[in-house]
Amino acid sequence: MSVPTEHLLALAAILFAIGVAGFFTRRNLIVVLMSIELMLNAANLTLVAGARLHSSTGPLQVDGPIFVIFIIAVAAVEAAVGLALVIALYRQKQTVSLDAFARLED
Amino acid sequence: MVIVKRKTLTLAERLYLPEILRGMSITFGKMFKPKITRQYPEEPLPTNEVTRGQPRLRALVDGNLACVSCGLCEAACPAYAITIDGQETDRFIEREPEKFEIDMLRCILCGFCEEACPKEAIFMSTELELAGFTRASFKYGIDKLKRSTEELAPRMEYIKRINQRW
Amino acid sequence: MVDLLFYVAALVAVLTAVGVVLARNPVISVVSLLTCFGSLAVIYLLAGFQFLAAIQILVYGGAIMVLFLFVVMLLNLGGLSPEDEDGDDPLFHDRRRSAGGLAVAVALGSASLIGILRGARHLAEPANGYALPDEGFDALPALAEAMFTRYSLPFEAASVLLLATTVGVMVLAKRQRAVTPAGEKRP
Amino acid sequence: MNPFLIILIKTSVIYGGLIGAAALMTLAERKFSAWMQLRHGPNRVGPWGLLQPLADGIKFIFKEELCPDGANPWIFRLAPILSAVPAMLTVAVIPFAGNVTLFGVDFGNLSITDLDIGVLFLVAIGGLSVYGVILGGWASNSKYSLLGGLRASAQMISYELSLILIILCVVAMTGSLDLRAITEAQNTGNPLSWNVFSQPLAFLIFVIATFAETNRHPFDFAECEPELVAGFHTEYSSMKFALFFLGEYCAMIVMACLTATLFLGGYSVPFWEDAPWFIQLGTFFAKAGFFAFLFIWVRWTLPRFRFDQLMHLGWKVFLPLALANLLVTGAVISLA
């Protein structure tokens, strides 16, 4: 594949922006979590683009892929904890709308 | 209150595996046993005088029906499948059916008509198959119901023997 | 030909990402995100990172998104999202906040796009056209070696994190059992 | 010969074979179940009922397609595809035989591709098949289907863990993720070098976990007829149902092939290291066929587990055992 690196980066930027938009506008907790996953994936794509650029001029740079693997592990952790929280919150209010959890007192 | 004492399982039974293998050896052995399914259309079902098939009318040796159109079977029929129109005749029995019709789609093959008949004129034959293309074709008239005495003889004997018990 | 595949995958990724944000039904969101991750895996594959592509599908497709789907179904959110119960548009229900969020997203996206395109002048295309070194296509041994030598500490830290998460999630998601005064669990 | 053409021929032959085998397996399921119950099984269509799958297929095509009220039509249509496609994709990395030369043309190794990360590909794509079941269950807008889908997802994820850990043991033994390399490592002419003898516990767990992974008896909670009236595909009819069916049988065949490859040395012929390819292929079919038969055999022997028993078995028995097995394997390899 001879796609220039900036196209990969641009795709990552667009995906990240979409993730940000979803994070700020949606009120469904699960969709908000999915937006976070989307942002993490955009970061992964950036790392892959960088690893490809640097590896193609010299020996293989494994730092990028290894960071991607760690990010995927952390994303799995984040999703698991986030969804467990969603379930716990749902038990309290029977809803997953963020508006229902906007107040601290109850 | 029923107290069910559960059998304490041995270690081998709790491991499942030996028992599973035992079960599987049984099913594997069954694969090679002779099959007990009957291949129906090629291999018809065995029938004998006890077989309660479809109701049929008995014809005497001279070809006339034994039926005197008394209407007892019509009255006994729980499914209202039998319709009889009687007429007078010059024969000794003086009455015979002009029309004797059994709607085989209504008939439930219960055999009450056979029990009700005082003249040994209607019997359950050994015929089991019933198929047709139109509803009308299942209204059996005399022409379709008539059977010779020889054909129904085993059933007649059987019914007589049964009736002698009480 | 291969490049074209990248652009198709990129288009699918962007469209499905938009679908994640815009879908009213969380299940549609999950399916869109799954497709998005699938096309990202295709991009990783095209870039020469087979292992990452497999991991992407294995972890995201096989585990994380199933978890999302599972929770959506468990909480029976299959119908409309909670914000749609009053029949409003999911994006523009609270106009001020939505406008703010969109503005942040657009600003962030356009800023990074401008930065990337301006910086692209400095990224000269390598002479071999981004071909990875020979071991790149089969990067597994190199990856494994780095993972278990140079990055062994983060690796172990990640395993501890996963363990802690497992315990934490169990505690969080476990239903509180009602306890009778005698301290016995209710049947 | 054009390499592209060779790949095309190999792909079409292997996929044709897979679909044919899946069709044959539906017949075998009915035949063997009949024999185990002292019946004859289908014997009307063609000699010994061999054309029964064809008749079934024609029937499926002419049935009416139904979509329940209130169901999400797109996901309802997507689910059968998501169920069948991953199951059929996974066969791409299975090595069926060594180098094939036919009519003087060298076709290369008999597999669609020998991927370096074949095992990973298989596990990753195989993990996607759970979506068909869950989405199908959800999209049907029926509580039984939803319950079936939920159960299936919990079950498949639980057992996938043990399955992957066991595969890791075998991978560690060989030092490669390539299924052909795993086969070649066992192809020494001596059957004792097959992994089943060095990893008996792993073999046992793997075989049982494949049953859970493909939602087969005694773990078929996804379609549990008595409680869930067929579970996730209750509402499906016509070719959509046929696709679910095809997916299930393809998954079974792939799992049988995988078990044969990982533990019984794939196409390696006992005491004949470099056998010609057709003998290797025959050996492979014999081994995979046995495991395919095992799926049917167990189904018509054992009653269904209870769902809590299934989860108990998966998390409290198989997972620790698989972990311990991996630990011991790693220790032995590093010490040896």
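Each chain carries a letter (A, B, C and D) given by its place in the written order, and its residues are counted from 1.
What we mean here is this: contacts are C-beta pairs under 8 Å (C-beta built on N, C-alpha and C of every residue); 3 or more make two chains touch, one makes a residue touch a chain.
Bear in mind the structure is a predicted one, so any value in this text is a computation, not a measurement.
More C-beta pairs touch across one of C-D and A-C than the other; that pair is A-C.
Chain C and chain D, compared by their mean Cα positions, are separated by 28 Å.
Chain A and chain C, compared by their mean Cα positions, are separated by 5 Å. Here the CA centre of chain A is 33 Å from the CA centre of chain D. Taking the mean of the C-alpha atoms as each chain's centre, chain B and chain D sit 49 Å apart. Counting only residues that touch two or more partner chains, chain C has 51, 55, 63, 74. Contact between chains, as defined at the top, is found for A-C, B-D, C-D. Taken in their complex, chain D has these residues touching chain B: 32, 35-40, 204, 297-298, 300-302. Across the interface of their complex, chain C is touched by residues 72, 75, 78, 115-117, 120-121, 123-125, 127-128, 130-131, 134-135, 137-138, 146, 149-150, 153-154, 157, 160, 177 of chain D.
Residues 25, 27-28, 31, 34, 50-51, 54-55, 57-58, 61-63, 66, 69-70, 73-74, 78, 137-138, 140 of chain C are the ones that touch chain D when the two sit in their complex.
Per the touch definition, chain A reaches chain C in the complex via residues 1-11, 13-28, 30-31, 33-35, 37-38, 41, 44-45, 48-49, 51-53, 55-60, 62-63, 65-66, 68-70, 72-77, 79-81, 83-88, 90-91, 95-97, 99-100. Within the complex formed with chain D, the residues of chain B that make contact are 17, 20, 23-24, 26-28, 30-37, 39.
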